[in-house]
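Below are two complexes that have subunit A in common, paired first with subunit B and then with subunit C.
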Partner chain A sequence: MSIFEYNGSALIAMVGKNCFAIASDRRLGVQLQTIATDFQRIYKIHDRLFLGLSGLATDAQTLYQRLVFRHKLYQLREERVMKPETFASMVSALLYEKRFGPYFCQPVIAGLGDEDKPFICTMDSIGAKELAKDFVVTGTASESLYGACEAMFKPDMEAEELFETISQALLSSVDRDCLSGWGGHVYVVTPTEVKERILKGRMD
Partner chain B sequence: MEFKMAQAAAEVPPKGGFSFDLCRRNEMLSNKGVPPPSFRKTGTTIVGLIFQDGVILGADTRATEGPIVCDKNCEKIHYMAPNIYCCGAGTAADTKAVTDMVSSQLQLHRYHTGRESRVVTALTLLKYHLFNYQGYFQAALVLGGVDANGPHLHTIYPHGSTDTLPLATMGSGSLAAMAVFESKYHEGLTKAEGINLVCEAICSGIFNDLGIGSNVDVCVITKGHKEYLRNHQLPNPRTYVNSKGFSFPKKTEVLLTRVTPLEEKVEVIEGGDAMEE
Partner chain C sequence: MECVFGLVGEGFAVVAADTSAVHSILVHKSNEDKIMVLDSHKLIAASGEPGDRVQFTEYIQKNVALYQFRNGIPLTTAAAANFTRGELATALRKNPYSVNILLAGYDKETGPALYYIDYIATLHKVDKGAFGYGSYFSLSTMDRHYHSRMSVEEAIDLVDKCIVEIRSRLVVAPPNFVIKIVDKDGAREYAWRETVKDSIASSA
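So, the complex of A and B:
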């Protein structure tokens, strides 16, 4: 059993027209036993930047705390928030620092950059960035997620259609994975608002 | 007691270099039967050849995580200097990190000397770094560029050994690409012939090796000029795309919605009443 399958997770981020959506499942387990059904995997760094962390939950929380610390220092020094591209580079550097004893996490970063251009990116556990223009997935259900997103994704979707697509892709993929699921948590971010929704899924 | 607390309180981010503090925990986990994770690789074909005016580098664009393709269009030709580019095969994070690091060192060196970077400088910096880590950096590189001494092409292996060659291939598809090169290469290729040959070599990797796929990136470097042809060839387009797309007749059930407005809506009322005390 791989270390990434200890807690179980599923994360997607998708790009739409001047908006993005990031979604995760809600299960926290210890191998096959479910401990919590409301676990938070997606964290807000600032209003227009969200970070999702899949993999070992303890490393995800530690990494999140370190990143928030670094971002707050940046905010104090620069008197502004970090751009998504800069944040992605910082996460990559932090993960690569531990190249020979890595954090067992795979982050998904989604944000609105300059001129409200959506930015999404994922990394493996040592910080190899993958910048995609359509969608990124990570977690134990990643193989199903790849298939579902590849089929359901369309470029330039509006916020409501994007929400529907990402939710359907997430729920259908986690239904085929024992270690993730128990509902979904979706954030759809447009330049004017952040809509957070909790989805009803199969609770098995 | 106070001194220790002061040290613990001042948790300043370290000034670069690797940090090994999670190694003991990870070793404990792998002793308990939890295998270490696999990293994203670029099971690749990277090629380079020297033609009459300079160097042409080529690479495919697939990044894999085990048997799954995680990135269908990644960039494997990394910038080192205005006249030097480097293709990387192996663990994706290692190739990116080592080329970025040497690229910064070259920039500092350019500021220091006031001259254009030389390919052998990049080569030496890369090979020293890789040898220092005794092959633990899984990065196999093809380095090419044109400097004051003419065009150069080198291959660098993960343990730090290097070769200087007129044609080079690395990665899992290197045998397929080298077969194409050996049969069709001759000295004094023109730019068009060179680009064609590089594309053929990469395509032979794309269609015959499973770790390679998607598109062909080409970079042509000549004296004083470079052309980075990103996605020069796209031999694998998506053949069937449903024009209607997916429609979801059964909507997702939502348990809770929370809307946070980002921009405050300020209403300006013209000609309001004067403030009453």
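So, the complex of A and C:
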């Protein structure tokens, strides 16, 4: 079993009309055994920037702590929050620093940039950025997630429709993956508010 | 075949651990206490490599005490858990400790808490947790009978059910267990569950 599949995870980020949604599963496992069904994979960096970390849970926690530290310092020095594109570059640099002893994580970054334009990107464990205009997925269920998102996605969806689409894509994909699931955690972010919802799916 | 498990009840947290010190096929002793009293209101139940277990938990205990000496107030359970995770994470890519930990504590403000910290420094706050081969039996038993805000009697009854299950279903089941509890009155030993008594002068 690969080290990326040790804990199990599933993450999606999707772009809508002046909004974005980011969703994750809730399972924390140790290979075949489930330890918890309320594990947090998506972190808020600031009101308009969210980070999802899939892969090995310990590295996700370490990476999150390092990134929050760097962002807080940036905020103190610059007296403003980071733009999503800047944050993505910082994550990429941090990951490549460990090129020959990497963090076993694949991040998903989603944020609202200038003029409320949604920005999403993902990268591999050594920081190769992949920008997308529609959706990005990572985790043990990534192949299913690609298929589900490709089928269900339409451009310029409003917040409510985006929520439905991302939820259905997540739940249907994790149902085919034994290492992820046990519900879902969805954040839908518009320029005015952040809506956090918990999904109840197949609990197995 | 080390078994460690614990759960959170109404105003208390209880942890149980087996008490066998084993080296390959030889049982050195059957009354090894694997649950260390970290400070007045914290317990650390550890399983894993014996040398690492004792060295690491003593290191954590001394650092927690040092904080209290320096700052005049004790660490909260969450802070102690995060400190422990940090030490494990720092050592992970240099000189890893093979110790799995259940950290149980009671804070006046937040009540009882149980933290699951595995050997690769994955940290998660849980209501019930377990390590080792015994976890396959104890987690399922706890899933069946656990509910939030259990009384001490109900929780000890559940712990006993788990011990019975481990004894009957695990091929090299440890004979003896120790149960420790932490609540507003502090961390203390609750009971032993022995089937084999260690005596110096055994029958000739």
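Assume the second predicted complex is superposed on the first by the 204 of 204 C-alpha atoms of A that agree within 3 Å, B and C clash if a C-alpha of one lies under 4 Å from a C-alpha of the other, contacts with A are read in each partner's own complex, and residues count from 1 in each chain.
One rule holds in what follows: a contact is a pair of C-beta atoms (placed from the backbone, for glycine too) under 8 Å apart; a residue touches a chain by one contact, two chains touch by 3 or more.
Remember, predicted model here, so these are calculated numbers, not experimental data.
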item	value
Partner chain(s) touched by A:101 [first = subunit B, second = subunit C, both, neither]	both
Contacts of A:57 with subunit B and subunit C, given as first, second, both or neither	second
Partner touching more residues of subunit A, whether subunit B or subunit C	B
Subunit B versus subunit C as contact partner of A:85, first or second or both or neither	neither
First (subunit B), second (subunit C), both or neither touched by A:175	neither
Subunit B versus subunit C as contact partner of A:30, first or second or both or neither	second
First, second, both or neither for A:130, with subunit B first and subunit C second	first
Contacts of A:116 with subunit B and subunit C, given as first, second, both or neither	neither
Residues of subunit A at both interfaces, subunit B in one complex, subunit C in the other	101
In the complex, subunit B residues that touch subunit A	13-14, 17-26, 29, 33-37, 39-40, 63, 65, 68, 70-71, 74, 91-94, 96-97, 136, 245-246, 248, 251-263
Subunit C partner contacts - residues on subunit A that touch it in the complex	7, 28, 30, 33, 35-36, 39, 56-58, 61-62, 101
Parts of subunit C lying in touch with subunit A, wherever the complex brings them together	85, 89, 92-93, 116, 118, 120-124, 126, 129, 135-136, 139
List of subunit A residues in touch with subunit B within their complex	1-4, 6, 47-48, 70, 92, 95-104, 122, 124-130, 132, 142-143, 146, 151-152, 154, 163-165, 167-168, 171, 183, 191-200
